[in-house]
Amino acid sequence: MDKENIKSYIVARAAKELKDGDVVNLGIGMPTMIPSFLPENVRVTVQAENGLMGVVPCTEESLEHSLYSVDAGATPVKVAPGGCYFDSTVSFGLIRGGHVDVTVLGALEVDEKGNLSNWIIPGKKLPGMGGAMDLVVGAKKVIVTMEHTQKGEPKILKNCRLPLTALNCVDLIITEMGVIEVTEEGLKLVEINPEYTPEQVQKATEARLIISENLKPMV
Amino acid sequence: MDKENIKSYIVARAAKELKDGDVVNLGIGMPTMIPSFLPENVRVTVQAENGLMGVVPCTEESLEHSLYSVDAGATPVKVAPGGCYFDSTVSFGLIRGGHVDVTVLGALEVDEKGNLSNWIIPGKKLPGMGGAMDLVVGAKKVIVTMEHTQKGEPKILKNCRLPLTALNCVDLIITEMGVIEVTEEGLKLVEINPEYTPEQVQKATEARLIISENLKPMV
Amino acid sequence: MAKFISVEEAVAMIPDGASIMVGGFMGCRNPHKIIDALSKSGKGNFTMICNDGAKPAGPTGEEYYGVAKLIHNHQVKHLVATHVGLNPEVGEQMNDGSMKVDLIPQGSFAEMIRAGGAGLGGVLTPTGVGTIIEDNKEFTHSVQEIDGKKYLLMRPIRADFALISGFKVDRVGNVWYKGATRNFALAMATAADVVIVEADNIVETGEIEPENVMTPGVIVDYVVDGGSI
Amino acid sequence: MAKFISVEEAVAMIPDGASIMVGGFMGCRNPHKIIDALSKSGKGNFTMICNDGAKPAGPTGEEYYGVAKLIHNHQVKHLVATHVGLNPEVGEQMNDGSMKVDLIPQGSFAEMIRAGGAGLGGVLTPTGVGTIIEDNKEFTHSVQEIDGKKYLLMRPIRADFALISGFKVDRVGNVWYKGATRNFALAMATAADVVIVEADNIVETGEIEPENVMTPGVIVDYVVDGGSI
């Protein structure tokens, strides 16, 4: 699979995790692509942490949206009918208070305890955490979508080495190789891309994987 | 002075404490009467802690106001042009955060440290503190208006005996006998009703009064 | 997205012994239809979290106004409020031991409910320092000194149900409150497991401008048509 | 009640070394006229408390958008923000030691400013527990365990000035924000000694319905006419 195919493959699988009626927060990059992969009978409400509920893309070029309605990634958006705007204290009250069902976001590293690192590479890159630390602590379910490795190096580790975003926060990891649940016992490979063997997935993963007795093909 | 005259006398004096542009919160009873005693060039904004800014009385009988716009004493009111409504968390954020310049309220007891008791008489009367505890802690200036004694017994004490509303919160006490400042040194009588002598005021007061060198007639 | 139900369905959901937050102030915009039906339901043992005990006489001739109905019927075993002076039955039931009453400063009350709905560990407020509020361990966690100043750490408050009255409610459950009736509504809607809004007016989606929505429909579970007033 | 002043008068009020909260998000509805004038003022050594460092290119052809102008001009000695990834100059100035940067989780940031304006002793949040946020003693007071769960006690934040952009501002200073631009505005307006609002539209009092006022005019000190956009 090329880069674009990998992305679509991961996003299509992540879309299956969302249920009709869910309130979801979608990180920059792959997560933002999820809504276009949802079947018609699954309608979700997208929250943006800077104060929007019911976010939909702007199809038209509009200076007005650039000036008054951007999402957390500074992309001009609008709200769907029934959506609304509110301030940041309300928005993060909803996030921290468990009123967001699912948050999907990228990661630099995830480890076998469900620890997540995704906001800083000391000395190299300092994007900042924005709303990510609140989202992964507050959302009912936290899904990480990412490529399985970075330049061939594992990103799913025994222990995160980069500064953490939060402890024990990740529920599910979706990569182009498979779907991994974070369980009490450790990381459990529950679905696998039929192009790979479990051994290949383990080889690309630093943390030990428990292979589900019920391992299914990832589709 | 009869009961009504005493009230007007106290309220008229209290009105002089308010400055043009002040945001004020006025307790039930005498404090509510203050706005009608203000000169034309002193315009204040009255806040009600249940979520109104710019409260003015309803002159007309109106079911709509009873149903949708009451003040903290359950009296139907409205907001003046430029006034607004907000929720209780915002309202008390403004109060606690020092955005109310003056609060004027009644008291059961005040003592020489500026402690205040005005919300409960154990075993007898349990109105509750409502917003009073927040108001006296948060407002920049706290003025107590009350009759000097209750059935001949002093209400200005060495130490409050009833459960406190707050510690060290009162700035000024206005009664029909005089005006008393709460200072580091104790209670200082700064104005006196010409009908009384300082000795008479002290006699009606349990706490020791410092008589101001600059004692003025109360008008 | 909110589901539209009848007042009977709303009341049927609320079991004996439930903890219930009720919006409104001194009876003004308690959700009167739901409270009225609840007062006739025969259910009780409720913990009510509500600014006050309302008052006996309502502005349209009610003998008991709003939550005062439930108190009069002895359906409330525990009232958590800020002011109960307008309803003499609260003091009576407290004195005869039939109802427990906890009084909390109004600003703390609002903020504790907000904290319960916003995932915060509590509220650090200067309000109540040095008073008997410090002794109420059910609601006051501790006294803390932070950088030389004392604060009470007040606990978050949550409930099984929030019953709220809204002036305009649209088809997805977005709420707009009229006048001074907003009070604790948004905080309560975040802090209860089941949120039921009684709508004075059900309006088409879009009628409330997106900026002016005061409680987002995504946190409203059920809407009851309050009918014309 | 707010006083209406010119952008020059607004900038004249702000001294070298001031701490300044700025509303907006990634440059969107930073108060652009005031920031632009401030960027040409020659003043500096500012502590900026602002969600982000904005970004180089603005949507109407600006070379630097909003607060990015002040950063580009090296007028900021300390930036307190939640995300600075869109403005590469922040990282550069941080690495060459010319600007101090503190990063705070966005939800904590909002709540800390709110606490600063609402007289609360701090914010008890689960966000940041177990991360390096714990080590930033300037903004994190302590780690506390409350009823078995860990929280960070984050300190309140206040500033000398709050600079905010409002879509509609009436004659007494009441503000209504359009779309997603409300963000930190109300919290900041409570947490700064001097609050200056740049109005996209100055409207007659009454045009904003009393219920829909988002920042009460009583906490707005000054209004600057932002003129047509």
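All chains are identified by letter, namely A, B, C and D, in their written order; residue positions are counted from 1 within each chain.
In this section, a residue touches a chain if its C-beta (ideal position, glycine included) is under 8 Å from a C-beta of that chain, and two chains touch if they have at least 3 such contacts.
None of these values were measured; they are calculated from a predicted model.
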| item | value |
| --- | --- |
| Touching both chain A and chain C (chains) | D |
| A-D compared against B-D, more contacting pairs | A-D |
| Cα-centroid distance, chain A relative to chain B, in whole angstrom | 55 |
| Approximate Å spacing (C-alpha centroids) for the pair chain A, chain D | 28 |
| Centre-to-centre distance between chain D and chain C (centres being mean Cα positions), rounded to whole Å | 33 |
| Separation of chain B from chain D, taking each centre as the mean of its C-alpha atoms, in whole Å | 36 |
| Chain D, residues touching no fewer than two other chains | 111, 114, 119-120, 125-126, 177-179, 182, 186, 210-211, 214 |
| Set of chain B residues in contact with two or more other chains | 85-86, 92, 95-96, 137-138 |
| Inter-chain touch pairs (all) | A-C, A-D, B-C, B-D, C-D |
| Chain A residues touching chain C - in the complex, by the definition given at the top | 21, 23, 45, 47, 53-54, 79, 81-86, 90, 92-99, 137-138 |
| Residues of chain D defined as touching chain B within the complex | 1, 114, 117-120, 170-172, 174, 186, 190-191, 205-206, 208, 210-211, 213, 216-219 |
| Residues on chain C engaged by chain B in the complex (per definition of touch) | 25-29, 51-52, 55, 59-60, 81-86, 90-91, 94, 101, 103, 105-111, 114, 125-133, 167, 177-187, 214, 229 |
| Chain D-facing residues of chain C, complex | 111, 115, 119-126, 141, 144, 146-147, 149, 151, 153, 176-179, 182, 209-212, 214 |
| Contact footprint of chain D on chain A as seen in their complex | 48-52, 63, 65-72, 74, 77, 85-89, 91-92, 95-96, 120, 125-134, 137-138, 163-167 |
